[in-house]
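Presented sequentially are two complexes of chain A, the first with chain B as partner and the second with chain C.
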Partner chain A sequence: MLLYALQRTGLAILICITSMVMLFSALKLIPGDPATIMLGARASAEMKARITEELGLNDPIPVQLATFFGRILQGNLGTDMWSQRPVTQIVLDNLPYTLVLIAAGLGWAALIGIPLGCYSAIRRNSFIDKFTAVISVGTISIPSFVVAIYLILFFAIELGWLPVIGAGERGDYLDQAVHLIMPAFALGLGWVGYLSRIVRASMLEVMGENHIRTARAFGLPEYRIVKSYALRIAILPTITLLAVAIGGLLSSAVFVEAIFARPGIGKLIVDAANMRNFPVVQGGVLTTVALFALAMPISDILIAWLDPRVRATL
Partner chain B sequence: MSGNVAAIRDLSIRFDTQQGPVYPLRNVDVDVPRGQIVGIVGESGSGKSTLALALMRLLPGNAVVTGGEVELLGKDLLKLPAEEMRGLRGTRLAMIFQDPMTSLNPVRSIGQQMLDIQYRSPASRAEKIAKAADALKRVGIPDAREQLKRYPAEFSGGMRQRICIAMSLLQKPELLIADEITTALDVTLEAQVLHLLRELRAELKGSILFISHNLGAVAEICDRVVVLYAGEVVEQGPVFEIFDRPQHPYTRALVECDPARIETTTRELPVIPGDVPNLRSIPRSCIFAARCAEVMEVCRRDRPPPTVIGKGHSARCHLLEGVES
Partner chain C sequence: MIRNGLSRRALLKSAAVASAVGLLGIKPQQVLSAEGGLLKVRMEADIQVLDPGYMIGGSETSIQYACLPRLAVPVKKGDTWDWAPSDYVEKITQDDPTHISFTLKPGLMWSGDSGEVTAEDVKFSLERMLKSDWAARYPTLERVDVTDKLSGVIILKSPFAATFLMGIASESGSLVPKVAVEKLPDQKFTTELPGQCGPYSMTEWTPKQRVVLKANPDWRGTPVAFQEVQFINIEDTKAAELAFEAGEVDVTGVLPETAARYGKGMPAGTKLTGVPGPYYTWIGLNTEHEKLKDIRVRKAIQRAIDVKSILDAAYGGVAQPAHGIVTEGVTGHRTTSKYSYNPDQARALLAEAGVSDLSLEFKTLNEAYRVTAAQVVQANLADVGIKVDIIPLDSGPFWNLGLESKGDEWKTLQMWWMRYRMSPDPSDGIQWFLKNQVGVWNWERWSDPEFEELWTKGLSETDPAKRNAIYLRMQEIMEDTGAYVWITNDPLSYAHKESVVPGFDTGGEILVEITKKA
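What follows is the complex of A and B.
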C-alpha cells in the first residue's frame, strides 16, 4: 500500500517536472526577445538590458533551466514584473479562492448527481430517469461561462438577489458564501448531469451482478443492498472521474472567475497573460498542473483503500 | 411435521425477450418431501436454474408465471406479498448459487456479509460473529475468526463456495436450494462438498433441492430425482428407480451417456443425437420426439401426459401408456 502510494506520487512529480520543462521552453519559443515582448516595442535599451539581466536570459540555456528548477524546488516561483512581490505569495493568496470554488462546484454536483444517478438506475425508465437523461445532455453541453452569464442576467440584474462581483468581504463567511452561490452553480451544473449518468450506468451494471442476487436471496432489505452492496462498488469509477474533473474544472474556473471578477488562480493567469507578466503566468500554470497531477494519485490511493480487489493486487 | 416442504403444480413460465417470448418451463410438477434431497438433472438450458429462481421468487424482471401453483413452506408462493417473501429468504429458505467467484460481494469482508444476513436476529454483535465463525468452522475453514476479516478476493473458488454454504446454513433453513454448487469445483472439493451436504441434512433435518448435471453426484446424495428436458419434467422418481430402471428414452440415454458409467474401453463417448429444441416455439408433439430413438407416429402428434409407473415414479412417454402398474 505504501509502495503503491509512493509510486503514484512519484508519477505525479514526474508530470510536474515535464510540465515545468514545457513551460520553460514555451517562454524560450515565443518569437522575439522576451524582454522586448514584456516591455513593448518602445522600451529603452537600458531597460531591456536590465530585464534581460534580471531574468538571467544571458546565461546559457542549461544554466537557465537549472536555475529555474532550483528556484521552484525552493518554493520560489520568481518575482512579479510589476508589483515586485514574490509570485509564490501571489499564488498562495489566490489559491484558496479557486479551491473553495472548485470544492463547492464539485460538491453540489456530487450531492445532487450521485443520488440522482442511483435513483435513475433503480427506477429505470421512470419519469425522473427520463427527465434527468434529457436535462443531463443539455447541461453537459452548455459551457459554464454561458451559464454564468445567464445567471448574472437573471438573478443579479433582473431579480437583484445575488451579488455579481468579487468573492465577498474578507472574514465575513456569510457574505463569501452568498458570493459563491452563482459561480459554484455555473461551475457544477454540467457535472450534475455527467455524474448522474456515470453513476446510473455503473449502478445498472452492479445491480445485475451475481452478488446482488445473493444478497437478495438472503432477504436483505433493498435499501441496504443499494447502499452497502451496490453503491460501494458503483461509486469507484466516479472517484477516478472526479479526479479528471479537477482538470476540467480548473480550466472552467478561469472563465467563471473572469466573468464574476472573483480572485483566484484562473483570473490571476488571465490577467497576467494579458499584461505579459510571465513569472506570474508560469507560477499560476505550475500550481494548476501540480493540483491536477496530485488529484490523480489521491484518487488512485482512495480507490485502493475502498476496493479490496485493488488492494489485494498491490 | 411431515409432507412436502415445496410442492410445484403445473408451473409454466415465460420470458419476454426482444426476440419474442421464450418458454423455459412448461407444466412442471415437482414435490420436495420434508427431510429429503431432491435432485434436478438436465442439460444446460433445460430450465433447472429457472426452477430454482422461481422458488426463490428471484426470476429476472422479464419473467412471467403463466400458470400453475407453488406451495412453499405451507404458503402460496405466487401470491405471497413481497415483504413476506423477503422474510422467508435467508431464514426458512436459502439458496447457494452456481458461481462462487461472483456470488459474494467483493467490497465487503466475509464477516461483514455474514453479519449482514443475520440482521433480523436480536443477538448481540459478538454472538453473531461467534455464530458466523462457527458456521465457517463447520464447512471446514480453519482459523475462522481471522478469515472473517478477509475479503472474497483473498479466497479460492472452493473456499468461496464453502463460505456461501456456511452463509446459507446460518439460519438453519428448512429448504436449501443448491444450484450446481459443485460445477465450479474440482473432484476432491466436490466430494467434500457432497459429504458436507449429507451431514447437514442429517443435522438440520431440512430438505435440499440439489440441481446438477453431474449424475454421479445426484446418484450419491439424492433420495429422489427429477429429470428436466427442454423445460418439461420427462421423468421423476426415487433415485434407485431412475438409475436402475429408467423408463423415459431420454433418461435412459442420459444414464447411458454418463462417462462414469461406461464400463468398456472406448475412444468415443456416447452422445444423444440432435439438439435441444428451440424454446421459442413449442411443438405440440412430445418434446423429445425429434431426438428419440424409439419415436412413434403418435409422438409427433400428441404430447404425452405423465404416466405413473410405480410408487412416486412417473414419466411423460407414449411408450408407457397402458403399462401402468
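What follows is the complex of A and C.
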C-alpha cells in the first residue's frame, strides 16, 4: 500500500514538472519580445530594460528554466513583477477562496446528486427516474457562467435577495456564506446531473449482484441493503469522478470567479495573464496543476483503502 | 492588511442583521450598498504600484489624487484643461518660462512619523521622477531649489508648456515623504503608501477585492462628500454592469454597447455620464509601401471609409467621429477634417492613379470591436474595388509590426487599426509622429520639415491661442499625407446613481475627492 501511494505521488510530481515545462515553453514561444508584450505600446526603453533584467529574460532558456525550478524547490514561486509581492503569498491569499468555492459547489452537488442517483436506481423507469434523467442532461449541458448570469439577473437584480460581488466581509462567516450561495450553485449545478447519472448506473450494476440478492433473501429492509451493501460499492466510481471534477471545477471556477468578482486562483491567473504578469501566471498554474495532480492519487489511494478487492491487487 | 477571524460580537451582529432582513423584508442590496457616507466605485484592476514613479495607472491614479499632496490640480477652464493651485499650497506661480515658485501651506502633516510636508519633500519627489519609469513627464526639469522650509523654485532647462498638465498637476506630480521613502529598499514602494496627506487616507487593501479610503479628519482643504470610499475590484466590465444594476456599486464604467442600451432607458434611479477619454484611434497607412506610395491611393482610402458606420457597428453608436488625434478638452482639439466619406471621389482618385485590382492587408489587435470595425472597412473598400484581408493579431506580434528593431515586418506593413493614449497636452499625443519616430512608433513612415519645426515651437510656446494654432496645423499636415483615417477619440461612459455626481481627471479616471452628492 505504501509503495502504491509513493508511486501515485511520484506520478503526480512528474505531471507537475511536465506541465510547467510545457507552460514555460509556451510563454517563451509567444511571438514578440516578452517585455514589450508585458508593457504594451510605447513602453520606454528604460522600462523594457528593467523588466528584462528583473525576469532574467536575457539568460539562455535552459538557464531560465533551471532558475525557475530551483526557486520552486525552495518554495519560492517568484515575485509579482508589478507589486513586487511574493507570488507564493499571492497564491496562498487566493487559494482558500477557490477551495471553499469548489468544496461548496461539489458539496451541494454531491448532497443532491448522490441521493437522486440512488432513488432513480431503486425506482428505475419511474416518473422520478425519467424526470431526473431529463434534468440531469439539462444541467450538465448548461455552462456554469450562463447559470451564474441568470442567477444574478433573477436573485440579485430582480429580487434583490442575494449579493452579487465579492466574497463577503473578512471574519464575518455569515456574510461570506451568503456571498457563496450563488457562485456555489452555479458551479455545482452541472455536477448534480453527472453525479446522479454515475451513481444511478453504478447502483443498477451493484443491485443486480449476488450479495444484494442474498441480503434480500435474508429479509433485510431495502433501505439497509441500499445504504450498507449497495451504496458502499456503488460510490467508488463516484470518488474517482470527484477527483476528476476538481480539474473541471478549477476551470469553471475561472468564469464564476470573474462573474461574481470573487478572489480566487482562477481569477488570479486570468487577471495576471491579461496583465502579462508571467511570474504570477506560472505560480498560479503550478498550484492548480498540483491540486489536480494530487487529487488523482488521493482518490486512487482512497479507493484502494475502501475497496478490499482493489487492495488485494496491489 | 486585515486580520482574519470571527469575534463573538461580529457573529451576533451578523445574525441580528440577517434576522432583521428576514423579518422586515429588507432587500440585502439595500443593506449592503448604503448611501450617505459611503461611496462604492468599481475599479477595473487591482492596485499594483502606487509609487508615482512606477505606477501602472487606473485606480492607482485615483488613490494618489485622494491620498497624496500635489502642488497643482487640473481644472477645466471652458472646454479646455488647464491647471490651478491645489489645496496644499499658499501659492504657485510661473515666474518666467523656466522658473516656477511655490510655497506650501504650513501645518500639513504626513501620516506616520514623517512630520510636516516641506519643500524638501517637493524637491525629493519631483527630482526622483527624473530617474523613474515616468521621466518623460518632465522632459525639461533640471532641479528644484529649496528656498526655505515651505518654499522653493522648480527650474526647467528649457521652457515646456505642458510642465503642469503632464507633470506637476498630474498623478506624476504626487508628492511623497522624503524621510519615509529614503528608508525603503530601492527607495520605491508598491501597494503601501509610505505616508499620506490628503482628503482621504487609504486604510485597507484586500487584494483582488477592494481598497478602502476613509475621510481624513485632519484635512483642512475642500471638504469631501463621502466619509468612506470603497474601490471594488471587478475586472470584467459586464460583471461590473450587473453589480451596478443590482445596486452593489454606485459608479462603474460601462461598455459602449451598454451605454447605447442605457441611452434608451436607464435602470431606475441611475444616470449615464459620458467623459472624453484619453484615447485616439485611427487607421494608419504605410506611405512607403509599394501599394500605397501614391498619395491619391491613400486619399481614396480616406474617402472610401465610412467612419459613422464603424462607430455604429463597433462602438454602439455612442462615439463621435474624430478629426485628428488630440482629444476633446485638450489644446489643439480639431473639430473638422478636410475629407469626408465620399466613395465616388474615392473611385475617381483610384482611377486617376491608374490603380485597379488593389488588395491590401489590414492588421489589427484581435479584439472583438476592432475586428468588427475591420469588417466594416473591408466592406467599404470592397465598394470602391479594393480587396481587404483582415489579419487579427495578438498583442505580441502586433506591437512589433512597425518597429525596425524587431524584424522586417515594417517593410510589408500596409494598413492597420491603432489606438494610443495621451496626457492632456497635445505634445504627448503628437510626439510619436516625428521624424525620429519613423521605424519606432511612426509606422506611417513620413516626415515633414514644417511639422518638425512646429513641434519645436509648440513645446515652448506659452500663448494658448498660438499653441492651439500650432497643433491644429500639425494635425492638418498629418491628414494631408493621406496616411491617416481618423476614427474616434474613444469616449468613456460611466453609469452612476442619480444621487452621485462623479468627478473625473484629465484621463477620465474617477476622482473621489471631487465626487459630490447630487
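Please note the rule applied: the second predicted complex is superposed on the first by the 313 of 314 C-alpha atoms of A that agree within 3 Å, B and C clash if a C-alpha of one lies under 4 Å from a C-alpha of the other, contacts with A are read in each partner's own complex, and residues count from 1 in each chain.
As a convention for this text, contacts are C-beta pairs under 8 Å (C-beta built on N, C-alpha and C of every residue); 3 or more make two chains touch, one makes a residue touch a chain.
Since we're looking at a predicted model, the values are computed, not measured.
After superposition onto chain A, partners chain B and chain C are found to sit side by side with no clash. After overlaying the two complexes on the shared chain, residue contacts for A:Ala312 are found with chain B alone; chain C is out of touch.
In the superposed model, A:Glu209 lies in contact with chain B only, and not with chain C. In the superposition on chain A, A:Arg50 makes contact with chain C only, while chain B stays out of contact range. By the touch criterion defined above, A:Ala217 lies against chain B but remains apart from chain C after alignment on the C-alpha atoms of chain A. By the touch criterion defined above, A:Leu162 reaches chain C but does not reach chain B. With both structures placed on the common chain, the touch criterion links A:Ala258 to chain C but leaves chain B unconnected.
Taking the C-alpha centre of chain A as the vertex, the lines to the centres of chain B and chain C open to an angle of 160 degrees, rounded to the nearest 10. Comparing chain C and chain B on the residues of chain A they touch gives the larger count to C. Residue contacts after overlaying the shared chain place A:Tyr173 against chain C, while chain B stays out of touching range. Of the two partner chains placed around the shared chain by superposition, chain B is the only one that A:Arg232 touches, whereas chain C remains out of contact.
Of all C-alpha pairs spanning chain B and chain C in the superposed arrangement, the closest lie 43 Å apart. For the contact definition in use here, the chain B contact set and the chain C contact set of chain A share no residue. Note for the complex: chain B touches chain A at residues 56, 58, 86-91, 94-95, 97, 99, 102-109, 116-117, 119-120, 151, 153-154, 164, 167-168.
On the chain A side of its complex with chain B, the touching residues are 209-211, 213-221, 224, 228-229, 232-233, 306-309, 312. By the touch criterion stated above, chain A contacts chain C in their complex at residues 30-33, 36-37, 40-42, 44, 46-47, 50, 80, 82-85, 90, 93-94, 149, 152-153, 156-157, 159-167, 170-175, 178, 258-261, 263, 267-268, 270-271, 274-275.
On the side of chain C, the complex with chain A involves touching residues 2-7, 10-11, 14-15, 18, 27-30, 32, 45-49, 56, 133, 135-136, 190-191, 206-210, 232-236, 238-240, 242-243, 245-249, 394-397, 399-400, 406, 420, 432, 441.
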